[in-house]
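The same chain A turns up in both complexes below, where it pairs with chain B and then with chain C.
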Partner chain A sequence: MSTRRETEAGHGHLLELRDLGVRYRSGRGDVQAVRGVNLTLDAGQTLGLAGESGCGKSTVAMSVLRLLPPTAEVTGKVLLEGEDVAAMSWGRLRAVRWARGSVVFQGAMHALNPVRRVGEQIAEPMRVHGTDGSVADLLAQVELPVSRARAYPHELSGGQKQRVMIAMALACSPRLVVADEPTTALDVIVQKQVLGVLNQLVTERGIGLVMISHDLSVLTSTCDRLAVMYRGEVVEEGPAREVVASPRHEHTRALAAAFPTVGDPAFRYASTGASALTEPLLRTEGLRVSFRDRGGELVRAVDGVDLEIRPREILALVGQSGSGKTTLARTLLGLQRADSGRVLFDGAPLPTSSRGLREYRRQVQLVLQDPTSALNPRHSVYEAVAEGLRIHHTPGDEAALVADALSRAELRPPEEFSGSLPHELSGGQRQRVVIAGALALGPRLLVADEPVASLDASVRGEILALLLRLRDELDLAALVITHDLGLAWNIADRVAVMYRGSIVEQGPVEQVLLAPRHEYTRALLSAVPTTSGGSPVEAGA
Partner chain B sequence: MSGSSIVWRRRRSAAAGVWREFRGNRGGLVGLVVLGAVVVLALLVPLLTDEAGLDVTRVDAPLWAPPSAEHWLGTDNTGRDVLLLTWWGTRVSLVVGLAATVLSVGIGSLIGVLAAHFGGWASATLLRVTDFFLVLPSLVLAIALSTVLPRGLGTIVLAIGVTSWPSTALLVRAQTLTIEGRPFIERARALGGGHRHVIGRHVLPAVLPLVFVNTTLTVASAIVAESTLSFLGLGDPTRVSWGSMLHTATVQGAVSKGAWWFLLPPGLGVVVVVLAFTSCGRALETVLDPRLRGER
Partner chain C sequence: MTDALAPAADAHETGPSRTGRSGAHATLRHVAGRVGGALLSLLLVVVLGFLLFRVVPGDPVVAMTRGRPMNAELIAEMRARFGLDDPLPVQFLEHLGQLVRGDLGTSYFYRRPVAELIGERVGPTLLLAGTSTVIAVALGLWLGVRSAWRRASRFDQISTGVALTLWAMPTFWLGLLLLVVTGDLFPSGGIRSSGTPPGLLPEILDVAHHMVLPCLTMIAVVYAQYLLVMRSSLLEEMGADYLITAKAKGLRDDQVRRRHAVPNALLPTVTQVFMHLGLVVSGAITVETVFSWPGLGLLTYEALSGPDLPLLQGTFVVLAGAVIVMNLLADLLLRVLDPRVRAS
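Right after this comes the complex of A and B.
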């Protein structure tokens, strides 16, 4: 059908954005999400689009296939193989979608239909477009066994689902693939596999890939060129390594600084706090926790863990998702009962009575991963921070204590924030509120479960710095749970690596991350994408 | 600046916001005005009319008289004014409707929240009890109850309340489960909060809007249930209600006599009050659940 079009495309680029602007109309006034974006992409090339949440990068991606909601007003031109997307008829647009350009949507967890087998879902675009192709071939391309075609989405892991999404995007052999945060929410090892699959497809099939992410290290390890967006505009564009190595715009600099290189002393913020001689504040002895899964199988989530946290120490617990990190944290807080083994706090075993547990939880506080859902949307900042004080009937002036906790969490002046509701705050401010709520009780140990995983790059550093300052000012100890080795390098004194329910390696940060002894620690380290290219272990070896 | 004053100011402004939204919903507003009028009329009836008009021994109007200038809605089989009967009937319908709803929603919310919060065997037991009441034909149970217990308003309220709570319980349980799965419950537990704290501070405030909406819809069905039971002759014989009027009309052969004026007013009364409650409930649901607000 398209010999003429292909010759036309031969002159131009695979994708060209000319002065693209997108404005969202809403009842509360118009929002200019994207303005004046000029980008080009040729076949066989990869273009990375970086930026924080809300900078308009997803809007740009959706405008390529005209997938924006009807409230969006698009100006400028989107040329797909020389053809203006805005001028296409509805039928033409349907033919172009997926056959020429396709999208790997953000959040594979929610983008798949839960009640249909993944094979049927991969086959769907082929059926709609009447193109040939086999699901088995597509699954092979994304390195999934063919038998998985009969699986339902919930039977697949996060990485497998993401690969199904990629297979779906490839179904009609498109020339352009737009991947919107394809590896967010995946842990490093799976992320490396998914990125590998995408890279291979670009080289083997000569497709053009637009990859969107807030993580510069992911983009530099996959993309030839990089465009950094800030407040709807492209502020910097160029070869990926060059942009990262010598950023010209300050926002690029902030983004690059937020993703640490393990082993680089510039990213090591921690000054060692605890001395090895002090008595441990919290200690576990042979801790075991198991669940029964749906099939009645016994799953050992935590399998014989011995851990020590000393006063004024930041211990990072790293491991892949599913390694039992969160279960361990919940057990330490007494939210989950252990099958065997002991948790000792200050030398005394964890109380079992509800009164004893309540007293214990004054000393040990939890900071959750996603501050947006960790705060009751109906409670103001004041109520959220005062919640713990009210539970424990803390004597003293409640308002003063709340103001004190807020200013310790660097929400200053506290009066300005106490009346706000969570949705009126930014992500970083919300996490500060959660931290303030924990601080209000004057705890001695903070358990933070992925404290910065859902925050923007620029906020990440601030929250980590806050944790360090709190350690210095209040003599707090902290157990930071993370899948991000860079975070451990940033702030931890010691690292414990968890794999399938047990601690396979623990020790001082420098020792574990720079000279790993266990196989799994090495695998984790080599999977970390870095802005400089090679992994720290290879570079060090 | 004290904390509670902030809280109260915010609650007031939230309530004002709800009212502003509600005002924008025409159906809900009409329902509310009609309800207000009915309630005012029901409250004023002893002041404006003479209760003696309901006493069969003290009326001297002709029997089965069609509407006239003197009796706007005619008279019944004993010569009582139908307008007066309908007017007085409003009181019983409203009282029974509201009281039965409070009982039903109260039981339902309690069981729903407890079943979702505690889980395990407590939840299983409560849910089996709910299932038992759910599959029980409620009319038959209500009839059985009203025959066993002494006849009176209290029995009717009890019969309706006890049979209509399972749907509320299931609704509240589902909502509670979604709230309990949210991380802020985990945070509250980690802060040291016990069952009472989690339920009182987090679960109930989040479930209440739903309960509130459910209440207005339950009132409507309770009024219908009251009419049904009275129509079947199980009501309080000493009081006039819309259901008992319909019962009398049928038994006395109003249909064969063509006495439409005896049948229509109580029937329309039920329809108007039920519709008013339903439209209020729907409007409230739209206001409180932003997802339903989409296109208007």
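Right after this comes the complex of A and C.
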């Protein structure tokens, strides 16, 4: 701690960005990614950097250790403990990297070398910088068993990989840690654990933490101060709770609005639900699915599930990753065979013939989480939508059907989009294309796997509104699979909570989310970070 | 959808001991499966080799007796002696039985066991193909790494361009060109000259002298494949996020390349290299023919012009077997090198 005082006294701030600007040069013209950013951070403090994808927040993170690609042109100053990063020699820069400031990179899956043991990767910076320390201690700090050091990245769960990244970032006891979306791919319970680890480090070791996220609720629950970026500029900065409680800039307001507070009626978009009297469109009875894992051991992924989805109903299936939600969805779509139990669609059991299954899948369409990987990058929008029509030999004018589906997905006018390739579209537009592809076949049920998880905050609301409108216009029913309880609160009529293969609780949204009966539902709800600080159960009750 | 594959329980509970034990089982199963698959392919090769050379045009007896006075009786007798008048299934069973005993039949032309002939010729081919492959792989990988690391530089453009040009050249043409250009510097064919003084060193030097041109030809034609594979797989790795992590850790550029990028880029390359290795032996046919190098390639060429059916079948099985064995090795090696393959 004494060293910290000295640096504060001697050099001022731990990290200071002075009028930072970054411009990417490219053949198609320059892009000003960051302009005029002024930020400071002292040891023992946490600074949140919020914004949507493309707002320049990751560019700011990379500029701290001069990790930007050669096409980036940096203006202004980045002062790390008073020393200008841009003025450092290569040798000096390498000595500073990781030893004084380290980064927890976005997406631990890709930021770890896939073919090296994680223990080696954690030890590597210690070897490079000649610092003492043990991998076992570092793993203990992030609450991982020492035996995990011998694992390869693919053998770890998402949360474990993220902890390995944090352990690695701490290897050389840096004074500054920049965490770029450290919890984005994690479900709420693991997210809470990882945020807990980070907070503990700040209070116990007095490091300075810059936390970057698009999720305001994550930032307010962990950061002292908050800076909101929009189009490369910091549009608002101040104490975290103040910024969120009384946002001055309209973009901050939009960001805040995108993360729903469970229990707040203002975030409840669903209005008309299905009548309880109608016959269920899809029903499962005692569904069981198990498969053998690599060690030959039997895993019960779905263990006795009874579900009902009525016409015009939106059912949210919530649970942690690994709880069996996706396996259940695959079984409903006939992509995975059930060991026992039945799936009934319209009162009839799921067909087993390939022809019958094809007809069934026309009526039950899937919308995947990540539209970027769900679309073939070389197929135009028209091809993407028309493919399903061709497979199912849908009668009628193909072009008209495609145009109709596109305009229903609100890609209007359709002619403007049909020739585009996926990379020319925004994330929200891509997800609309995926939805249009599903709609073109005239389905009666949509199965949507995390339909907005990969989308920006501002787009999220639009896609949800689209889903609700489609339900009203086309009498569609939907099964929305998500770990995001806020999403369930936004649009679902009913919620089913899945835990270790079983549905532990299901019922109307208000009942399950505001007065949860099962312990696990309560645990899920209490792990949701909120902008107000209190748990949603208290807020709603 | 990957979620579905993760066990419902947190991976915390799965200790290393369990994964180790089941991993060994899985490895054994995997190896057994691959070896079984390779044996099956080999059997298919034998069947195909047998059928293929029964439908090629040209009657071997006629070819063998060309230029000699023959009558119908003599021809019939020869056919009976070689078993050519039996029905095809009988011939095949006979053939299979012989193969199991390691007997590849007797060459029509040389009147000697095919296995013996092949045994004599394997050495020179392995020497030539082995030497050129080692050099070509080393050269290709090294140039590939440098090209990728300095993508679009002058070096990249020139080395890739030259490699592609050489690759596009017909082997025999390049061989003949080298012969013409080098004039009397190197022997034009064979593996040994008659006037070499006895002794190990002079003999080695003599063989090496003979090997220069065929080796150069083979290297020039194949190294482009290794270069391109290495270049593209390194380029793919270079976009990977973990290289930024390595850089951020304070590693020097060459450390990032040596410790992280190249080892990972080598993984897909290994498979490709081994696939090519199997083909190198058959690729030697042209080079050996041009330089009269007394190896398997030349033997195959001789057998083809007959057609000397047993010899052709023998070389076919050996050449195809080489491809299958190399693929098997590539499969097993990749499993050792890449933990992700072990997992799936």
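Annotations for the structure displayed:
What we mean here is this: the second predicted complex is superposed on the first by the 525 of 541 C-alpha atoms of A that agree within 3 Å, B and C clash if a C-alpha of one lies under 4 Å from a C-alpha of the other, contacts with A are read in each partner's own complex, and residues count from 1 in each chain.
Please note the rule applied: a contact is a pair of C-beta atoms (placed from the backbone, for glycine too) under 8 Å apart; a residue touches a chain by one contact, two chains touch by 3 or more.
Quick caveat, the model's predicted, so the values are computed rather than measured.
Using the contact criterion defined above for the overlaid structures, shared-chain residue A:S354 touches chain B, although it does not reach chain C.
In the superposition on chain A, A:R92 makes contact with neither chain B nor chain C.
In the superposed model, more residues of chain A are touched by C than by the other of chain B and chain C. Legend: residue contacts after superposition of the two complexes on their common chain; A:R150 is shown touching chain C, with no touch to chain B. Once the two complexes are overlaid on the shared chain, A:R248 sits clear of chain B and of chain C alike.
In the superposed pair of complexes, A:R517 makes contact with neither chain B nor chain C. Once chain A of one complex is fitted onto chain A of the other, the partner contacts of A:D370 are limited to chain B, with no touch recorded for chain C. By the touch rule above, chain A contacts chain C in their complex via residues 62, 65, 67, 94-99, 102-103, 105-107, 110-116, 124-125, 128-129, 145, 147, 150-152, 154-157, 160, 168, 293-297, 299-301, 321-327, 330, 336, 449, 500-501. Within the complex formed with chain A, the residues of chain B that make contact are 1-3, 6-7, 9-10, 182-184, 186-194, 197, 201-202, 205-206.
Of all the residues in chain A, the ones that touch chain B in their complex are 333, 335, 354, 357-359, 361-362, 365-366, 368-370, 373-376, 378, 380, 382-383, 386-388, 391-392, 398-399, 402, 415, 418-419, 421, 434, 437-438, 441.
The touching residues of chain C, when paired with chain A in their complex, are 1, 3-4, 6-12, 14-16, 18-19, 21-23, 25-26, 240-242, 244-252, 255, 259-260, 263-264, 267, 337-340, 343.
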